[in-house]
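Here chain A shows up in two complexes: once beside chain B, once beside chain C.
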Partner chain A sequence: MSVFSKVASIALSAAIIATPLVAQDQKALEAAVKARKSQMTLFAFNLGLLGGMAKGQIDYDADKAQAAASGLLALTALDASRMWLPGTDNETMDNTRALPAIWAEGSDIGAKAQAFGEAVGAMDAAAGQGLEALQGAMGGVGGACGSCHKAYRGPRN
Partner chain B sequence: MSVFSKVASIALSAAIIATPLVAQDQKALEAAVKARKSQMTLFAFNLGLLGGMAKGQIDYDADKAQAAASGLLALTALDASRMWLPGTDNETMDNTRALPAIWAEGSDIGAKAQAFGEAVGAMDAAAGQGLEALQGAMGGVGGACGSCHKAYRGPRN
Partner chain C sequence: MRNVIRGFLGLGLIGAAAGFWITAPRTIDPQTIDGLTGDAARGEQVFWAGGCASCHASPSADSDDMILLTGGKAFATDFGTFYAPNITSDPTHGIGVWRQIDLANAILAGVSPSGKHYYPAFPYTSYARLNAQDVVDLWAFMQILPPSDVASKAHDVSFPFSVRRGLGLWKQLFAHPEPVVRTDLTAEQQRGQYLVEGTGHCGECHSPRNALGGIDYARWLGGAPNPSGKGTIPNITSGALDWSEGDIAEYLSSGFTPEFDSAGGEMAEVVENTARLPQSDRDAIAAYLKAVPPVSNE
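And then the complex of A and B:
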């Protein structure tokens, strides 16, 4: 076997061994992005009802408002670390708007996530207590969403 | 104005008035399907980790297992009534596999959902208590998933 063949053979073997691992990693990254987009969809689904009620576009219903707010709060309990894996930013992957700044030094993503959780907690306490209470909690939630999107969400692909 | 014109005019007015309402309804139905598919994605994302650990494909980690199980449990708290609206079956809409039987007389979807919730509760109690405990709770969760899918999920589109 020539030196070239030997090197090629080793390289090929390495590629064969490495490919499933890389594919597996890629699959995990794709799954992470899909999961967090699903979480965002469900945030929006529940916030849509609360926002519609707050604006008077949907009749206020204490039970429905409370269910939506409790749903929001439940969704904040999902493990973020598995959904926001390093290597899932919009410079590395096509199907996300997440900016690399999320994972960069000086990122305050943790503080922003905590602020969102607190605003959702306040909404959960208020949503079933009447339209004015719901309206009073809406600004905090919307502000927390916007603050994170402004800092860490890139343009649409 | 002829009788015909008058009728046509009334019909047109009715159509103009009705169109936004119908569009709005259709939007709500689409949003409901999208939301429940997102919930299913997140069920699968968390079950994937627990199942991988149960099978020995992923190293058991008590904290990660507990986080995934707690996530599953949180997801069961979402308000199902808004996501499973009548009119969102696979005979009425294209992008769902939900069979009309879910909404038909004699449907036991509520009992199946409750059984799933109980199985997930058992998983939440077990997942952080060691690999064997996790494995012991896996069958109940998988069985509850399968029971509902077998009865109420149609073929892929």
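And then the complex of A and C:
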């Protein structure tokens, strides 16, 4: 085997090893985006019931409201780190509206996530305590959604 | 022969003179605002409806210092990068020395106190639809806002767009203050029209533009590419948006869509503004949007 073909064969095996690794990474990125979108869908699903009650479109029911709020709170406990992998922003991927600023220097995404958790905690404490309490907690949750989306979500592709 | 040359020269001169005349900045008739007195409290409503703070507040401002209009926010466009100027009451770095007529000329005619055209990143093509009372009310409100000595940043625009005089021609072609929707509208829809086509300047982002940046009125509010970045600004005519009027008004108040998704990016800033308007104004915007001719998504 010539030196050249040796080098070529090493390079080729390296490429063969590298290719599935890259594909694997890409899969993890796609899965992360899919997972966090599912989480958002479930947020909206539970919030939909609470918001419908707050607006008077759905009759208030303390048990159902409490269940939805507890559901929201449980969702905030999911580990975010695997769903928000670096490289899953709207510059590098087509199926997400997440702005690169989330991962950039000076990002306050952690503080915003914490504020959202607190707002959902307040909702969990309020939702079963009557319609007025639920309505009072709604603004905080909406504000927390909006504050993160304002800073870190781009328009639809 | 000499006569022919002289003739051409003459025509050239007439052409140049016509070009000079066409591109000359035109201020408003001062009588428009004569005798009007501004009311700061009403001006605050105009301020939020106009979204002034969304562009002119510091890029790092949180919702508490939205009334400190230091400027500095960058707008990257196909024509260059524009920077929102300081429009605080500071006499040197802001617009503290402006008279009522100066603000009126800026907003209604896109002309500065020194008689220069503003770039239409400042949405005077929409603001030209404001009534004079709203403008003087806004002026009264802006007088009492806090000053900032942060210097305005020069726009980064290259030739030929760097020649502001050329904007005179652009204005002749594309700046038309007459109403966009011409069908019979109810009083509520007319209020919504004023807010959407004028103060709220919704069409600036939600309508597509031609190659020169003029709004395509045939596809009014029919959606457009994001002017500064990836993605699309959605079609909000009934050709694509099937929300009820109540859904639209709710979105402009809480930011929640009927599916309980929530507004993002610049629209989240718009919702911060519309949330401060009276409910009747959000209802009016919704009523007007239902009267806009539907545009289908291409």
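Definition applied: the second predicted complex is superposed on the first by the 146 of 157 C-alpha atoms of A that agree within 3 Å, B and C clash if a C-alpha of one lies under 4 Å from a C-alpha of the other, contacts with A are read in each partner's own complex, and residues count from 1 in each chain.
What we mean here is this: a residue touches a chain if its C-beta (ideal position, glycine included) is under 8 Å from a C-beta of that chain, and two chains touch if they have at least 3 such contacts.
Remember, it's a predicted structure, so these values are computed and weren't measured experimentally.
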After superposition on the shared chain, which partner residues are touched by A:His149: those of chain B (first), chain C (second), both, or neither? second
For A:Arg97, select first, second, both or neither according to whether it touches chain B, chain C, the two together, or no partner. second
For A:Asn157, is the partner it touches chain B (first), chain C (second), both, or none of the two (neither)? second
Considering only the touch criterion stated at the top, classify A:Ala77 as touching first (chain B), second (chain C), both, or neither. first
Partner chain in contact with A:Gly48 - chain B first, chain C second, else both or neither: both
Just chain B (first), just chain C (second), both, or neither: which does A:Ala68 touch? first
What residues on chain A does chain C touch that chain B touches too? 45, 48
In the complex, go through chain B and note every residue touching chain A. 31, 34-35, 37-39, 41-42, 45-46, 48-49, 64, 67-68, 70-71, 74-75, 77-79, 81-83
Touching chain C in the complex, chain A uses residues 40, 43-45, 47-48, 51, 55, 90-91, 97, 138-139, 142, 145-147, 149-150, 152-157
Considering the complex alone, what residue numbers of chain C touch chain A? 226, 229-234, 250, 254-256, 259-265, 268-269, 271-272
